[in-house]
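Okay, here's the structure, questions in a sec.
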Amino acid sequence: MKLTLKVWRQKNSDDKGKIETYNVDNISEHMSFLEMMDVLNEQLIAEGKEPVAFDHDCREGICGMCSMFINGEPHGPGKGITTCQLHMRSFNDGDTIYIEPFRSRGFPVIKDLIVDRSAFDRIQQAGGYISINTSGNTIDANATPIPKDDADKAFDAATCIGCGACVATCKNSSAMLFISAKVSQLALLPQGKVEAKERVLAMVEQMDKEGFGNCSNTGACEVECPKGISLENIARLNREFLDASITSDK
Amino acid sequence: MSKELNSKVPTGQLKDLWTAHKDHIGLVNPANRRNIDIIVVGTGLAGGSASASLAEMGYNVKAFCFQDSPRRAHSIAAQGGINAAKNYQNDGDSVYRLFYDTEKGGDYRSREENTYRLAEVSANIIDQCVAQGVPFAREYGGLLDNRSFGGVQVSRTFYAKGQTGQQLLLGAYSAMNRQIAKGKITMYNRHEMLELVVVDGKARGIIARNLVTGKLERHSAHAVVLGTGGYGNVFFLSTNAMGSNASAAWRAHKKGAYFANPCYTQIHPTCIPRSGDYQSKLTLMSESLRNDGRIWVPKNMEDAVAIREGRLKPTDIKPEDRDYYLERRYPAFGNLVPRDVASRAAKERCDAGYGVNKTGEAVYLDFSSAIMRYGKEQANLHHEYDASDDRIRELGEKIVEAKYGNLFQMYEKIVDQNPYKTPMMIYPAVHYTMGGLWVDYNLMTTIDGCYCIGEANFSDHGANRLGASALMQGLADGYFVLPYTIGDYLQHEIRTGKISTETPEFDEAEKNVKERLEFFINNKGTKSVDHFHRLLGKIMWDNVGMARNEAGLKEAIVEIKRIREEFYKDVFVPGEMNEMNPELEKATRVADFMELAELFAVDALHRTESCGGHFREESQTEEGEALRDDKNFAYVAAWEWTGNPGEAVLHKEKLEFKGIELKQRSYK
Amino acid sequence: MALTGLFLCLFLVGHLLGNLQLIAIPGVEGKRAFNEYAHFMTTNPLVKILSYLTYISVLFHAIDGVLITIHNKKSRPVKYVYKNPHNNIPWYSRSMAVLGSLILIFIVLHMSHFWWKMKHSSIPMPVHKEFIAKPQMSPYGGIQDTLVSYYYTTKGDYVPADEVKVDYSNKKPEFYVNYQKYDENYKASGTEMKIGEGYKDLHSLVCAFFGQDKMKEAGIAANSNALVAVIIYVLSMMVLGFHLMHGFSSAFQSLGINHRKYNKLIKVVGKAFAIIVPTLFAIIPIVIYLTR
């Protein structure tokens, strides 16, 4: 198939950037979206032009590296997939496709379609862990039974791949779903309860510092999340936060 | 220059070695650790867990990864699970049994003391990860669930649905985050190590490129730890991530670290086949599918051709016209033969012309029998004794969905075919490399102060890795082995003081890197890096892939050299050095693959036996099975760089087995 | 936002129940009930506290909403060239700020229409009057029922309208009679005495505002733009409905009340609330327009 691509090009973070138009031909419907981008880049290289920079790594939907905003949606059309899992059969011959970087104050553009998501790392560093040393002398793994339901819910929250689609699609560019996933995972497990209050306060504080917006419960994040992280987690985050704000010494 | 191999394995009873070793090994006292810097390259299970543990102990850690966050290392993609000798299921598992299975699975080509230690610390890993908040699967009683994996006789695999690697990596990542917040780890994201700096025979630092600004940076430390993963991408197509590369290990190799067993590659039988030349990577489907799927190709060549041309559908082929070749060849194990056997058998059929997709490189994995079998069972359970076929199929599909739903969904997303209705297509793909930098019992390479952990080293899996063992090894090395053993070296470094980066060695290293990068930018050839990488991958797959023979390997060595020369002559890298430049990143990685590939083929050529993932057509039993040659090849082949990959010097570490008796594998 | 929002939902229910008296009870009983209710709402000290709470809630809800919206807009300094949110979430969920602003404008209008007049207007409000049939001597002889207008007092009795003087100086209708009329010997003529307080006739005011002057509301000029008023009110209620459609369940989510068992209930109640409450509000002006 033949496609017209409108791609955001931006030399570096100081550049203003603009949309450029490219035409690609002979695109197979079996290609993944990123393979289509490979074809475009090969074509640009053959023309002596600079290829489009975009983030990608595992290409099987788990590393969370790919980050394109395709035709107005993070990871493009289709639910429960990352860009690398999007295949060209979702498009028709002759289509025009807009490809932009994720946009948020917390995600400054580095180059073309690549954004800096280190804000997510800093939020995790603020408290997304259980303070335990790797001594090998912890208690036996089965010493603390955990209700299966809690363990499953913790797992579901923990499947977040940190791609940032939630922020990208949110009209407020809020990172609540991302934070709630980690807060939920650890709040649901007995091991994580010890530090739950400090954790939620610290992570929310860091989130605010990073310039993300507020959650207005539109639910767009849940729809676009490639891993289907549930809004239930945001509610749990709110609950944990309210509880911690009222009862914590801090 | 040449260095004799000293594995530093302590003497004594196998089961007491590690404890005794820990008791007598050198230590650095906590006050002194503050003055010691350690560089860790790579933040996967091995690198991430090592960074966190070393920082907890008080060392100053500088961690490097080329991704935008440590959480994205490719360990995250591991699906199946992690083995541990916990014996929670009371099925007689023990440290010895795990050791035995790992050693045997590796076709007796790993150092048994390392493997035993791995089995020994495996239980700690589970305790540690649970304490960290890793949400492993649980039973209704709230205790941890296990499954049986990779054809072993016990259930010792802990898992978190199909995302065990992700959960374990995020556990290590969270442990790192805690130390980053404390300032004990300085994290360098989007940085790539391009050179190892060796001063007076000791690893003292690295040259890294900041991938955002393109600037070269000098980083010094008292020790350098490489946890940079495997080199499967030398085949261009593999289940590795696009960025996975061998450069760090290869740079260390060129500075004096011996490279061990490069030809040991694991080819995984159940991957989604290539659909065209544009294919950029291959996706693994969990091995568990073979429990219920039957593998076949058409019996008649005309049918195979008709399917390839789209004139026939697989469901049109009558049962008697199907060749269930694994069941035919291996009646005892059938579709459950080990990975290497299943892979080779698929290749054999496709090479003979029976492949079933457009590229001719695919076989069917058919669930219809399982669906009908389960359906019948369910119908009986529901007392529907005269259920129609459609009803039985419907009931059966529900059971299959409960078992493999997420995998079927993933397949449908990629291939756009419904695997409940039409058989899946699968083909083997490169998955894991057992070879890597040679390390001693302390995980130190042949360069003093340069350590290598995880998939990047060679130590624990021999010639073939068992399922659910890679995660175990990465975490064992990072959490529980390296943090102890590194003290043995660092105890002599407490008086060294800060290491300057303003030395001739750093100048020289940076100059070399700069010249290399400038070469690519100024080369102005006509073809892209990927073009050459594809060429390399093809010759590797064709001649150095699943089955190897002398003529093919010799041809490959010539070809690889030719491609390498052409690459340097004609590669085009657009853009500049001092900016973000993904093509330049690729160029340096592929340049290193070009050299590694040759050593790979040289190693495969020299090992005339078949063992594990390495199958030499010259060395097989009458039935066409792999035939080991313990008399001549029970050693680790450690190669020393002498200026050219084809002229590497071979050092042998003899493998002696006290804890286990050597047997020929048979799956008939 | 959530707490004030939910409090305002409660307020809506109260307000609606009161307003429904406008149309629920026919005839003079309805008028009496409504005006009594209006009186109660403006004078009871407890209600006063509640009403201040409501004002504060509205203010807080609005100001917080504005601040959050500004912050959220700033969170994406560079906008997307192409955004396609339609298949993700309903438009009203994305437009809470716009809907809220419209509601705020409506509240100002609404209060200027009724509340201001009721409380502070310098234009005296009409006073609750009823016509009672009274047997009177006919000029042609015989006794005949004649309609006489009376003021209904807060004590529940009636004073003849043309015999008392209404005084608004204390911002409430007070009835005075001239002593002369009753006890010529006792007081100097011209001395006035308060004999009771009346109800402000909000009922008639509302009916005149929305009605077509079919009933000639007592003492109030008909609103020549009644139709426009009805349309504005109905549209505003639609806006309110969409605001609630998202807001109601959203408030629960913000407070962390999200449970698999009850989510459906919250969603259904929320949707029902968002449809029923504004619809009932909107029916009132329509009915008045059609009947008065």
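Order of writing sets the chain letters: A, B and C. Residues in each chain are counted from 1.
Definition applied: a residue touches a chain if its C-beta (ideal position, glycine included) is under 8 Å from a C-beta of that chain, and two chains touch if they have at least 3 such contacts.
Keep in mind that what you see is a predicted model, and the values were worked out from it rather than measured.
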Of all other chains, the one whose Cα centre sits farthest from subunit C: B
Closest chain to global C-alpha mean, per-chain Cα centroids: A
Where subunit A and subunit C are represented by their mean Cα positions, the distance between them in whole Å: 48
Distance between chain centroids, defined by C-alpha means - subunit A, subunit B (Å): 26
Gap in Å, rounded to a whole number, between the CA centres of subunit C and subunit B: 73
Touching two or more other chains - residues of subunit B: none
Touching two or more other chains - residues of subunit A: none
Residues of subunit B touching subunit A in the complex: 49, 52-53, 56, 67-72, 74, 76-77, 86, 88, 121, 124, 126-133, 135-144, 160-161, 163, 166-167, 170, 173-175, 177-178, 180-181, 187, 189, 212, 239, 241-243, 275-276, 278-281, 283-284, 410, 413-416, 479-480, 483, 528, 530, 572, 574-575, 579-580, 582-583
Contact footprint of subunit B on subunit A as seen in their complex: 11-12, 28, 30-32, 34-35, 38-39, 41-42, 44-46, 48-51, 53, 55-65, 81, 85, 87, 89, 110-111, 114, 116-118, 120-121, 124-126, 128-134, 136, 138-142, 144-148, 151-152, 154-155, 158-159, 161-162, 185-186, 189, 191-192
Touching residues on subunit A, where the partner in the complex is subunit C: 6, 8, 19, 69, 71-73, 98, 100, 103-106, 109, 169, 171-174, 211-220, 223-224, 231-232, 234-242
Partner subunit A, residues of subunit C touching it in the complex: 68, 71-72, 74-85, 88-89, 93-94, 96, 246, 249-250, 253-258, 260
